[in-house]
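Note that chain A is present in both complexes that follow, paired respectively with chain B and with chain C.
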Partner chain A sequence: MPHKTFFAFILPSLIAMALFIALPIVSVVVQSFHVEHGRILVEVESCQPFGGCTKETRVDTAAMSELKAAQPMGQFNGFGTYLNRGHLAVNEIGAILANNNGFGDIVTRIYNLPFYKALSFTLVFCFVVTPLAMALGFAIALAVNTLPKVTKGPVIFFSLLPMIITPLIGSLILYWMIQPNGIIGATLRHVFNDPTLSLRQSPALTWFSLLFYGVWTNAPFSFVVFYAGLQTVPADTLESAMIDGASRWERIRYIVIPHLAPLATFVALVQLMDNFRVFEPIVGFSAEANATSLSWMIFNDLAGDAQLFGSAGATSVLTIIGVVILLTPVLIRTWREFNHKVV
Partner chain B sequence: MKPFFMLAVSTVALALGAGAAYAECGIEAGSVRILSNDFEALRLVNTTAEECASDSVTVTANATAEHKNLQVPALSINPAEYTVAVVANNSIVPLMNDDLIRPLDDLVAEYGASLQPNQLIKIDGKTMAVAFMGNAQHLFYRKDILDKAGIAEPKSYEDILAAAEKIKADGLMEYPLAASDKPGWDLAAEFVNAYLGTGGEFFAPGSAELAIDNENGMKVLETMKALTAYMDPDYLTFDANGIQAEYKAGKVAMMVQWGSLAGDMLKGEGAAEGVVENTVMAGAPTIGGGTVPAVALWWDGFTIAKNISDEDAAASFQAMVHGISPEMVAANPTVATWLVSGYEPGPNAVGVIATANAGARAYPMQPYMGLLHTALSSELAEYMAGKEDATQALADVKAAYDTAAKEGGYL
Partner chain C sequence: MSQATLSHKRPLGLTILITGFIVVWVILAAFPFFWTVWGSFKVEPDFFSRESWWNAIFGVYTQRQNDGSAFTGSGYYGAWVTREFWRAVGNTAIVTVSVTVISLTLGTLGGYALARSGQRYAFWILILALVFRAMPHITLVSGYLLPFFQLNIWGVLPTSIIVLVAINQPFTLWMLHSFFLSIPKDLDESAMVDGCSRFEAFRRVIIPVMWPGVVTTGLFSFLLAYNDFAVTSMLLSADNQTMVPKISSFLGSVQEQGNVMFAVAAVVSATVPLFILVLFFQRQIVSGLTAGAVKG
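This part shows the complex of A and B:
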């Protein structure tokens, strides 16, 4: 196809991508370099139904609107927001490294910083859920593939349910089930014979529940893709392997898995990206005390009485950088394979 | 018997409502667009204001829990999306900070004959909002359980701790206490409540410099932690609705709960047997030998947007004055603790009024209070979970607040 025709073909998508993906990202980056103007405060008297009149501090709105008209974006802060305690916490980490009581102390104190706390859970979620969900999805795909035709439809439908349910609703359902009077919570108490057992109280058990939820909700995607992939495994090869006396496991190990490897790369890529922005289960499980994620931090900055757009912007940019770092190895591999094929 | 009674009540309510529908609001023309939080009392005010609709007057209301996120952008545009924003102590602050609401003195003089002087929220001498209901957290307790343990009504958090110990020791209840300690808005509100009870100030006078890093702050944190020893181990996942359900299930003997949920408690929908009849509403407890109740007082009121025509502003003000009229309050005395003239407090309001009379302080209205609330909401969780000590928790709150306040331009 001539370059000109190709360009004409993709121009509409390019425009849409620039408008709806590139521009918003640029605006987030610009936002993250700015903070609010210094507020001009005045003392005024305020009277309320209770407690009568008191002297209170107010923002001088007239003076502020002049400042805003002059510089609508607010003050330029450079990388200040990125480096402050709410994000990379450069000074705090420096202080911790300079003065501490050994490795354990360093880890505890860095974990106490909000960004690193969120990052640790986000990474653990990514690297535990992605492989487990893929393995589970693959296992379901293999099982469904051997079912007789009549039962395949209903079984596939039920296997897809976790993906069909809205994530927030799905996590709420599981959350109610693990409550002490929910079906899972009550059963666990009975099985372990421990009336105080609660999956919500300790950080370890909360993390376990969140990871369990992650695997449950992510497995169907892997299942669908792998199931489609299984239909393309060459029957001739499988049959000749059977004639050669290969067991079912050997056929899976030496024929099916290598055949599906490129698909697995694709699934891993999508799942890693998905899991890096984990958010709904934290809200659904009311797990803020024990687990936070980068997306939850953005939500927290924007949801309070006072909204911090610069801070939310900086966390967003750091999330994008995180996704890029995570995906680099997979992308490099795909690129190499692509080049290999072309040559 | 009960369904018949309900039917009778609703018939009376309908008759009253129908009567009020013909009420003359005296509005000639204009558009009234109300934005409010979503709970029963506000929905009632909204529907009463909607009675003012006529051929030349349109009245619409949007009651949503997301009102805080909507109000600033919605009132910033010109003309504003809403002409009326129903606010509370904390949600009026963002509107004031961005100069989005208008002074109401002229409107009060012209149309506000039915308002009482203490309903007017005056800032810098100008009336910026008209309050119509009060709210506060206060003590709900189970008289039967306390009687069995031989304990009088607790007046302070120290009394509550002693009572909880006794109830637990006597084997009457395993987890006699509950509090809305869910990290987020609720947990921060618990801290603010108790800190107000110590008499301390949150900020250094006249500046945004945080001043909670003192013995009052330590005392508050210690008390909050001590209470959790008598709570369900899942206490960090309970918000106000959560503890309401636990209490109704008969699992809790004492809790400091919202006055606005007292009506729901007295209705007793879904409550276990014996809970409602034995529940007593009392004033909020004090802390550390202080005399001030350790809770914040709240008011709900309405404000009128700045970026609208004077005609719409006058129409909106009149419709809202009709919405909070003494007639509406007389017909619905149990829905809220009204601040409107002629209101006779019902059993649901006892706790709030006792708390207000004992001299509880209002939730602070400083422009940077929201930032402190957010800092508290995320930084206290680890302390409450027992993962760090009180000194560290206060230091974390200060660090998080300082970071946010610098970004917000206050420091």
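This part shows the complex of A and C:
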């Protein structure tokens, strides 16, 4: 295809991506180097007939709005926002490392810094939910594959629901059930005979319920992909393995799993990307006291009354760096394969 | 897999184990939805019962407040009429339909070009799209807000629509790219030998055969727009909210008034279209998920 025709076809799509994906990334980077203006204070002397004069410090709103109009992004701050307590917290970490009571103390104190708290939940969510959901999805796929045809359709239908559901709505539905006055929460209280048990109160239980939600909503995707993959397992290989006396488990271990390995890489990649931006369940579960994520931190900065663009920008840039690190192995592999093809 | 031979030999214990596992999974997957639908017709002291969840089944308080009837539509009335949820439904309809149509239009053109180009830069565009696909939406939103305030286009539906279209492009391009690769090259090339221009060949030969792929991709574009929370909650003003941010705003204000049932009713209302979608397009959704995996 000639270059000109190619670009005529793809230009609208490229413009959309450049304007609303590439440019915002640039804008985020620029924002992250700026910080909100400090408040301009004026001293006002107010005199009353009998009380004498008092001096009062007030925020000069007129000058503030003027400055805001002139420099909407705020003042230049360099890497200040990145290094402050809300983000990488360099000074705090230095202080913790210099003066602490052993390894456990270091971990707890670093965990209490907001950025590291969010980062640790995000990573745990990513790397716990993805393998568990894939394993569950694979198990469901194997099981569904043995079902008679009549029941396959309805089972697949119900299996799709947790994946297709709006993340916020899905997490709300589960949250209402696990609340102490919902069906699961009440049952758990009854089972453990503990009338104060609440999944929201302890950080560990909050994490557990969020991870449970993650597996619940991620498993169907792995299931569908693996189920489709199972249909393409060569029947001859399976039969010859059976003739050679391979057991059911050996057939799965030595034929089915190697056959599905490329699919598994794909599923893992997609789910890692999606789980890294975990955000809605934290809103739905109102879990911010015990678990926050990088995306939630950005949302929180932007949603407040004083929108902290600088802070949100810095977290965004750090998140993007995280995404790129996550993608690097894939990119390197694709790059090698592509060069192989060309040479 | 040779079903017949395998299933004949399966021992009884294994069959029971498999059936039990499937039953547990289906309950796990489907029960929360049925429970919420059932509970949305109760009053709050029943669905969020402090005494026993049997109240949610029998509707003890619902009967008391409702002259003996165990079902009530008051949650729906409160959400749809009192709190004007219908407005959010209308906005969602506008946003999802526009996003689907626009992103498919841009995506088919772009995906077709990528599938037929074979140049080095086509590969790079696809890789770039993959990186863009991985960007958390909220990081992009934090880049939009200030410029949109400055340009005075914050809060209205068209802004959100175009943003969602752009966020959707990487996925649409990948999906349609792999779909167009499966349409033989000879088809449009022979049309061009017969004297069509590239665009005419696309219009006369490719468009008539591309609908299965377009429908599948369209389903996922629809889902992305429908399920979005990050973009619509930050970029729409309160009057223009779509369903999902509206539901989250219910939670902020309604919970204090002790009327969380509005939110439950709204959640059920927003789930129904998805339910219908899966019911009718189950095959396309499954094939779409696997198409990306097998070819991509």
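In this section, the second predicted complex is superposed on the first by the 277 of 343 C-alpha atoms of A that agree within 3 Å, B and C clash if a C-alpha of one lies under 4 Å from a C-alpha of the other, contacts with A are read in each partner's own complex, and residues count from 1 in each chain.
Here, contacts are C-beta pairs under 8 Å (C-beta built on N, C-alpha and C of every residue); 3 or more make two chains touch, one makes a residue touch a chain.
Just so it is clear, the model here is predicted, and its values are computed rather than measured.
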Which superposed partner A:A303 touches (first chain B, second chain C, both, neither): both
Which of chain B and chain C A:P203 touches, first, second, both or neither: first
Chain B versus chain C as contact partner of A:I21, first or second or both or neither: second
Contacts of A:F76 with chain B and chain C, given as first, second, both or neither: neither
Partner chain in contact with A:R277 - chain B first, chain C second, else both or neither: second
Chain B versus chain C as contact partner of A:Y254, first or second or both or neither: neither
Superposition-derived comparison: chain B or chain C, residues of chain A touched: C
Which superposed partner A:N84 touches (first chain B, second chain C, both, neither): first
Overlap of the chain B and chain C footprints on chain A, listed as residue numbers: 179, 303
Residues of chain A touching chain C in the complex: 1, 3, 5-10, 12-14, 16-17, 19-28, 31, 72-73, 139-140, 143-147, 153, 155-162, 164-169, 172-174, 176-177, 179, 181-183, 186-187, 216, 220-221, 224-225, 228-233, 235, 238-239, 248, 263, 266-267, 273, 276-277, 279-280, 283, 294-295, 298-299, 301-303, 307, 309, 312-313, 315-316, 319-320, 323-324, 326-327, 330-331, 334, 338, 342
Chain A-touching residues of chain B, taken from the complex the two chains share: 68-69, 89-91, 93-94, 96-99, 118-125, 131, 134, 182-184, 203, 206-208, 233-234, 236-237, 297, 299, 339, 356, 359-362, 365-371, 373-374, 377-378, 381-382, 384-385, 387-388, 392, 396, 399-400, 402-404, 406-410
Chain A partner contacts - residues on chain C that touch it in the complex: 1-3, 6-7, 10, 14, 18, 21-22, 25-26, 28-30, 32-33, 35-36, 39, 47-50, 52-53, 56, 105-107, 109-110, 112-114, 116-120, 122-123, 125, 127-147, 149-150, 162-163, 165-167, 169-170, 173, 198-199, 202, 223, 226-227, 229-230, 233-234, 244, 247-248, 251, 263-264, 267, 270-271, 274-275, 277-279, 282, 285-286, 289-290, 292-294, 296
Chain A - residues contacting chain B, complex: 35-39, 41, 43-51, 53, 56-59, 61-62, 64-65, 74-75, 77, 81, 84-86, 92, 112, 114, 179-180, 196, 198, 200-201, 203, 286, 288-290, 292, 300, 303-306, 308, 310-311
